[in-house]
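The chains carry the letters A, B, C and D, assigned in the order they are written, with residues numbered from 1 in each.
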Amino acid sequence: METMGFLGPARGGRRDQARAAPVPSDRDVAGLTLKTAEAMQMETMGFLNPDRLNALVLFLFFCTLVLVFISLARRGGRLYIRKIAGLNAIDEAVGRATELGKKVLYPPGIMSLDENQTIASLAVLGHVARMTARYNTELDVPNKDPLTFAAARETVKEAYMAEGRPDLYNDRLVHYVTYDQFAYTASVTGIMVREKPAANFLIGSFYAESLLLAEMGQSTGAIQIAGTAEIAQLPFFVCSCDYTLIGEELYAAGAYLSREPAQLGSIKGQDITKAAVGVYIITATILLLLGSGFLRRLLTIE
Amino acid sequence: MNLLGIWIASFLTLCIFSFLYKDNPFFRFAESLFAGVSLGYYIGQEADQTIRPNLIEPLRTNFAGNWDLLIPALIGVNLYTRYIPKANWWARWSLAIYVGYYVGVNMVQKLHGEVLPQMQSTVVPLSLSAGPMGLLNNLILIAGVLSVLIYFFFSLEHKGAVGLTSRVGIWFLMLGFGAAFGYTVMGRVSLLIGRLNYLITQWAMGTVDALGRLL
Amino acid sequence: MEWLNRLMALDRRWIFLLVAIGTALPIIFPIGFKVSVTPPAKALFDRIEQMGPDDVVLLSFDYGPSTAPENDPMADAVLRHCFSKRVKVVLLSLFPIGGVTMADQSLARVLRDFPDIRRGIDYAHLGYKSGSQATMKQMGEDIHRVFPTDRYGMALSEVPLLQRVRTYDDMKLVVSFATGIIGEWWANLINAQFHIPVAVGCTAVSAPKYYAYLQSGQMVGLLGGLKGASEYERLVIDRYPIVEAAYTRAGLYTAIKGMDAQTIIHTLILLFIIMANVAFFAGRGRAAQAKR
Amino acid sequence: MRFLRLQLPLLLTALAGLIPISAFFISENATRVVWMKDRLEKYMIIIASFAILLGVVNVVQSNIRKIERRQKGWPYGAFLLAGLLGMAFCGIMGAARIGPFQGIGYTPDGGRTPFQYGAEFMFSPLQATMFSLLAFFMASAAFRAFRARNVEATILLVAAGLVMLGRIPFGEMILGGHPFLARLTDWMMDWPNAAAQRGIMIGAALGAASLSLRVIVGIERSFLGVEKSE
């Protein structure tokens, strides 16, 4: 993960991976001749890639469940969603900034829109921006990725419109800093020590800068709510922030905050899939114990 | 030229380190310069490594075969319509295409590349063939994965058995986080060693060397 | 009990100062904590030790400046080992951001102590080539086609050493000094297809991943982070006096010095943690008493 | 109008999302689909490159405003612009191969292009130094956070402490040369830590996939700024 931590995001992450060749499969190693033979065989086998049938089954299973629960929720089925402490604390954090007359700082991660965590972060940003609009609290959204910057501007603008406060919105709320991970970190820590925001939201995809931002924010006494699915960075957020959204909690945050039935329904569908995954693991383990590796083999990816 | 460069680099290094004491004009200078230089750096990188080989060169050498590359160029240019008051919502189209594409890529990648293999490596033999320790390890692995998954259940109240299991899940998370924290300290310390070593050997000793040669 | 409160609220700048001193001191005054050698490092050492002056080793520099403090010492140590043993070396880089500079610099550092090692005869430097995976595979067919000229602009056919090196079959070992995925490709792609033994020197953070390749036999040796590098330095120093002289030169950065700093910082952090907890519990005890 | 403003973006998102999904499941000899996916991948890289200027425009605008109005700290805005323009100029001239600007790396004879000079003596050291600050913050975070406040914090603390001890020769010294701590470290990384990571990963992957689906069907649209009321 070291490259991802340092060079990856600095050079634009996924786009670089896209440029590099994908991780090789056995077929690649076997060489071209095999490939053509197999291609001929596949032509007779039809339209679908036989290597990915297991993924297709999972995909269809997952989509069906999520979509079914979305439509059930829309028809008015009541859904229970457990409390997520980090998200309930958002009100408290923005409230404190309002009381103290200080700003709310929201760096939406350092990755582009090609990363789902960024999309998830923007959903939370929409909620936070509506609150700052409602209470007339200053909001500051510094950006590292230019596309995220463009989208964050739309998100915040729409939040201020929705709250009926277009007068409070201006383009300076969301601004661009630089494309380098650590130059961005230097600027954001600069904002933290100079302007002493009362609440810092570190939600999205963060890499090595996570600890720098979180520790610096901690030293200025801000309430900090962090959230990421970058496993390597979670320990630092957990140590230095008041609340941390871990992995899946980040992705669910937008739905949780929106309280829209459709969004909550998707979370229910996701939960059922998770249960199915657990049951599958247990069943496959028992079968393996009885001497059949069949269910385990089904999970093999080419 | 080289020694001058090393002096510049060392000065900037010290400017950044000064922030550890407190915010000061030197750090602010380095911070601003860094923001500017890095942005300029990526403009250069993108121009030379992306725009040139992926857009300009293909269009120049074989326009007929690559004319379609003008489409993304147009989508890219469309991002700037935000500055035209009447068309300031056109940019949405570009964002929609970009987000849509990657959301699709991520969806299959996550299900195929993460869920399936992680499930598979959790299905481990619970037999004594690998010795009692091997069995214990495998049990720990399965228990850990399942309890963490239970922690992530959103639509169940965390009470009773579910609450207990999810608590165990949190313990697993904390153990993992602690271990990972301790493990990372090492790599980070070597970064600092690298910087201090630069200051000591390249800058201090390099300057002494150069002075010696001069005299 | 005032000191307890003060300790709990210790200004972190004191911690910063101690960390700075703890890191800088060993660079200037090496301590030389004893390093125990692990089997994966010894395996790589033994393999090169068994080679003779006719054998060729390929060193791939697959890292950049960001992890140089970890990767540099391993590259230097392996290079010194090969040169002491007169094993022939071919260098190249597949890492786009600064990899080839790493190779240049490592070579320059090591050559200072080996005045009789000749370019083109004892070693060859191919330079950088993009396309990592594809390049690696093409090299299995013909290195001369992938690299028409060497780092210094000379045609490969005119470099004496390379006249007899055309594919992986002409080499005995690949050592990749890697920060990211390229090291894994050597192990799971090139080793699988061309059967040339592979060893990797990786960063501490990625070491656990490589253990899997080691266990499955796709790799013959592993140097993990600064610790692995210091082990290799120790092995080479103990075996070759000429290298020992090189390593005692003032101002040279070595993994052994790095490990000193590492040890001091880890100990320091552990002491901080213990102090903080003692103060925390003492404080809590008093609070409980006050309540009663 | 309403279609262009609201429905078209949602439609484009869904369409763009379905292409890589179907390409993924369709066999590789359906060359058309694969070609289209490869082509789209290239497109995205180009689109993203165009976006960087969007950020540059914003940075230049706001700093010029700062300097013009002599706002607090305006000289820093000037430094920023100087760095930006200087580096960008060398880079663009290098990409176009004009005059002494032959590329952005080293020249064939081993010298540095102006861009490389800036990268090597300003950009890289600044980056590496910021990165190295982590060593300091690791120490201060450990000091503050690792206190045995409750069960969870204690587990965190003990795991971190043991691993740190297991990674240095000192740990072995305490145990009289026995590599127990090093082995314990490896065990913790290989088993409990792997289990935790795997659990997070499976959960997060499902969460991400669910988010993807919400975006594709148009339920989640904050990133577009499309009004909920529209």
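Heads up, the rule we're going with is that contacts are C-beta pairs under 8 Å (C-beta built on N, C-alpha and C of every residue); 3 or more make two chains touch, one makes a residue touch a chain.
Here the structure is a predicted model, which means the values were calculated and not measured.
Taking the mean of each chain's C-alpha atoms as its centre, the chain lying closest to the overall protein C-alpha centroid is B. Relative to chain C, the most remote chain by averaged C-alpha coordinates is A. Summed over C-beta pairs in contact, the chain pair with the top total is B-D.
Per-chain Cα centroids separate chain B from chain C by 22 Å. Chain centres here are Cα averages; for chain A and chain B they lie 13 Å apart.
Averaging Cα coordinates per chain places chain A and chain C 34 Å apart. Chain geometry summary: the mean Cα position of chain B and that of chain D are 4 Å apart.
Each of residues 21, 24-25, 44-45, 48, 51-56, 59, 123-124, 126-128, 130-131, 133-136, 138, 140, 142, 144, 146, 156-157, 160-161, 164, 167, 189-190, 197, 200-203, 206, 208-209, 211-213, 215, 223-226 in chain D touches at least two other chains.
Shown for chain C are the residues that touch two or more other chains, namely 12, 16, 19-20, 23, 66, 203-205, 227, 262, 265-266, 269.
Multi-chain contact residues of chain B (touching two or more other chains): 16, 19-20, 28, 30-31, 34-39, 41-42, 45, 79, 92, 95, 98-99, 102-103, 105-108, 110-112, 115, 119, 122, 142, 145-146, 149, 152, 173-174, 177-178, 180-181, 183-187, 189, 191-192, 194. Contact residues of chain D toward chain C in the complex are 106, 108, 124, 127-128, 131, 135-136, 138-140, 142-144, 146-149, 157, 160-161, 164-165, 167-170, 172-173, 177, 179, 186, 189-190. In the complex of the two chains, the chain D residues touching chain B come out as 5, 8-10, 12-21, 24-25, 39-40, 42-57, 59, 73, 76-77, 79-92, 94-96, 103-104, 115, 117-136, 138, 142, 151-153, 155-164, 167, 185, 187-203, 205-206, 208-209, 211-213, 215-216, 223-226. On chain B, the positions that touch chain A within their shared complex are 16, 19, 23, 27-28, 30-31, 34-39, 41-42, 45, 79, 82, 91-92, 95, 98-99, 102-103, 105-108, 110-113, 115-117, 119-120, 122-127, 142, 145-146, 149-150, 152-158, 173-174, 177-178, 180-181, 184, 187.
Note for the complex: chain A touches chain D at residues 6, 10, 12, 15, 18-19, 39, 42-43, 45-50, 52, 55-56, 59, 62-63, 66-67, 70, 112-114, 116-120, 122-123, 125-126, 143, 146-147, 149-151, 153-155, 157-158, 161-162, 172, 175-183, 185-186, 208, 211-212, 214-216, 218, 229, 231, 234, 236, 238-240, 246-252, 254-255, 260, 262-263, 266-267, 269-270, 273-274, 277.
Residue ranges on chain B touching chain C, taken from their complex, read 20-21, 183-187, 189-194, 196-197, 200-201, 205.
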